[in-house]
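Data first, discussion second: the structure below is written as structure tokens.
When the chains are written out, they are named A, B, C and D in that same order, and each has its own residue count from 1.
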Amino acid sequence: MGVMESSIKTSEAPLSRDDLARLVARDIAPGSFVNLGIGQPTLVSNYLTEDQDITLHTENGMLGMGPEAKGDEIDEDLINAGKIPVTELPGASYFHHADSFAMMRGGHLDICVLGAFQVSVTGDLANWHTGAPGAIPAVGGAMDLATGAKDVFVMMTLLTREGASKIVESCTYPLTGVGCVTRVYTDKAVFLTGRGGITVRETFGCTLEELQELVPVPLKAAGE
Amino acid sequence: MGVMESSIKTSEAPLSRDDLARLVARDIAPGSFVNLGIGQPTLVSNYLTEDQDITLHTENGMLGMGPEAKGDEIDEDLINAGKIPVTELPGASYFHHADSFAMMRGGHLDICVLGAFQVSVTGDLANWHTGAPGAIPAVGGAMDLATGAKDVFVMMTLLTREGASKIVESCTYPLTGVGCVTRVYTDKAVFLTGRGGITVRETFGCTLEELQELVPVPLKAAGE
Amino acid sequence: MLNFVDSVQEAVSGIQDGSTVMIGGFGNAGQPFELIDALLDCGATDLTVVNNNAGQGDQGLALLIKEGRVRKMICSFPRQSDSWHFDARYKAGQIELELVPQGNLAERIRAAGAGIGGFFTPTGYGTMLAEGKETRIIDGRGQVFETPIHADVALIKALKADGKGNLVYRKTARNFGPIMAAAAKHTIVQVSEIVPVGALDPENVVTPGIYVNSVVRVPADAGSSEKVA
Amino acid sequence: MLNFVDSVQEAVSGIQDGSTVMIGGFGNAGQPFELIDALLDCGATDLTVVNNNAGQGDQGLALLIKEGRVRKMICSFPRQSDSWHFDARYKAGQIELELVPQGNLAERIRAAGAGIGGFFTPTGYGTMLAEGKETRIIDGRGQVFETPIHADVALIKALKADGKGNLVYRKTARNFGPIMAAAAKHTIVQVSEIVPVGALDPENVVTPGIYVNSVVRVPADAGSSEKVA
């Protein structure tokens, strides 16, 4: 399948994890309410600016979460969903677990940023379970986050350690949610999912044609 | 159908509304959480003693409701379900409407006292709508109260103004709830409903036989 | 997005014809009288209104109904001694009524805000208000399927808002405010006082600012002399 | 009925073999460690335990599992780096696991307390956690039917109780406490402080005393040195 050349933005090199976090942070609209998943997505908080006035939600019952707590700030009653001690910003609020998940499941969060094992062209997400025999399954809030937020952004490396694309025609790992992902941020490109399949917004250190060779689904530039 | 004579308690005369309210109040177990419906049931609050330590719920969002507010106590933000200004007792709490009805519907209230048009032998309740053509229906919280409380007590006169029994084989008015009433307090007798039909706990100013003549369903003394 | 606006007129100016509008309050407690008056003035019509009642006397919601601006009422208790404007429209067949037990009204509003697609409840089972509805027996109890009530706009009243739109209420004026704020796409709040960010204890916030879109300050005593006691 | 008891041992003494026990907490925040220890000591077995996790390290719930007292776990996240006691029992086929998405866990607990017979939610639709469950499309969205989780007993931790059993919590230690208190037939609370009736502002009560049966004071620093960070 041929890929048409296009004028989408690119950069000289793949993005580092921090560069990727900076990019996601920049793409979050001012005033948004955001939930950052455990792991790589947590890095995004390092690059949110005060001007953006982003309010962070943690599903264990808080809006207005501040940075990780250090030293004397550590309070065992104030943790995030990853069980890391955090801080409270002015204007914060606390609520119980059902109210917190109602906030997420009711579609009130603007953006949720999650890690992933695989994302399909139609936005299916697999990020909770490898399905390996004998593995003990653990889902946490992943399915609620995937189905609840207005936009679900995924952050991941494009390729597994073995070099397989995590962007797939159809997920082979057990699903977290169906058709829920709206954008995928990877070290090599930003993908948009939705009606009409997957498109590429920008690439990092590769052309669209080079990207196509890594990904087993037909790609086109966004906006074409 | 014959009625067996029995040794159930009786009194010399039918009970007044206030005597009936006093009786209901006396029957409420210490420490209970209680909702008193609009109208006649509200009178019960006048006869609850401090020793009983009863907590009153009002479905518009409060536990620990005190007596009706008078004079300077009147606060338009503090009303009961009948929209009457009330007061707040120490240890009160406020909550929103969904939490308040969750409390009722989740079976946490010990007793709810309601008025009624009719109660059937199996405890069906009709108290919200005459079903008259052209009547504008209005249900309020009646159906939630009827189905939610652990015990539903009804307070009413035994007979309509026209002399018809409000204890019936089967309600002719539209139902509020099915099989929900556990006791019926009337001016002429206290009835218990439940498995095995209706029984009479005590009579006021009449014998069980005289009572039977007023009521079109077979009666027997409770405990027989 | 959260906006602090200068007038109730500005607050309601975006309400479209045909909208579903939730209005807070139970009796006078928590009724956003000034926002309702502004809705009357702004001219929006063909409204579906969700409120516990259907207007009282010659004010607020009753006037909206009198003026023919309400196509449908969703409420638990329309008939009151002074609900004459609703009564007249209803008897003339000029207003639709969806009568909902009060607990179902509250739970259906809560379900909308919480992303619940529907739920089973014992309330109303075996009654005429369950006619035509799906039912099933769960754990030996008859239950009725009820669906969420979503709204385009909520008009509510709170005591204070902080600069993030966090709200606290006062006594039984809290009633429908928190659940309506979560159920509507756009929530407009009138408050007695706006306080700085940080002035509300995070433990005591009742409605987090995420549920609030427009805040307008209406001093507590404004127009109170016009209210029905 | 509300009781104030003198010890955690007395508080849990009525828990029967075969009970379903909800245990509050998310991570260490809100975990009623001392009540769990007392449950371990009291000997009740064949328990179904509802908690977000399935025990960590060599303490609390993990020890209950190690000792073979838990027949079934209902939780969202059993697998952690230090969940070795659960892992061992699970791999040996000695413990049943009902894995529930965290939001469904919270909503199902809430449903039990609120008298809801069941509800539809988009969470889990199209995934293996919906296999065998009733589904339907509502407003164009696939949804899964979920049922309430009731319990015989809840063990929770709060900051303060007043003499009526009203509770307030502290920061993210609130988590499952309020909904578990409402979902269980008998709710046992450990608090740092017991205050007189009237000492809590009625506007700020989080769990009304109606949901509380036994209160025991456990000073905040008791045993904290034993806790995993």
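Convention: contacts are C-beta pairs under 8 Å (C-beta built on N, C-alpha and C of every residue); 3 or more make two chains touch, one makes a residue touch a chain.
Note that the structure is predicted; figures quoted are calculated from it, not measured.
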Chain labels contacting subunit A and also subunit C: D
Between the pairs B-C and B-D, the one where more C-beta pairs touch: B-C
CA centroid of subunit C to CA centroid of subunit D, Å: 34
Gap in Å, rounded to a whole number, between the CA centres of subunit C and subunit B: 30
Chain centre separation in whole Å, for subunit D relative to subunit B (CA means): 35
Separation of subunit A from subunit B, taking each centre as the mean of its C-alpha atoms, in whole Å: 56
Overlap residues in subunit A, where contacts from two or more other chains coincide: 62, 88, 94-95, 98, 101-102, 104-105, 148
Sequence positions of subunit D contacting 2 or more other chains: 107, 110, 114-116, 121-122, 169-171, 202-203
Overall pattern in which the protein chains touch one another (line/ring/star/complete/other): other
Which pairs of chains touch, using the document's own definition: A-C, A-D, B-C, B-D, C-D
Touch list for subunit D against partner subunit B, complex: 1-2, 110, 112-116, 162-164, 166, 182, 197-198, 200, 202-203, 205, 208-211
Touch list for subunit B against partner subunit C, complex: 58-62, 75-80, 83, 88, 94-98, 100-102, 104-105, 124, 129, 134, 136-144, 147-148, 174-178
Contact set on subunit D toward subunit A in their complex: 26-30, 76-80, 86-87, 90-91, 97, 99-107, 109-110, 121-129, 142, 169-179, 206, 224, 227, 229
Residue numbers on subunit A that touch subunit C, as the complex places them: 31, 33, 55, 57, 62-64, 88, 90-95, 98, 101-109, 148
List of subunit C residues in touch with subunit D within their complex: 107, 111, 114-122, 136, 138-139, 141, 143, 147, 168-171, 201-204
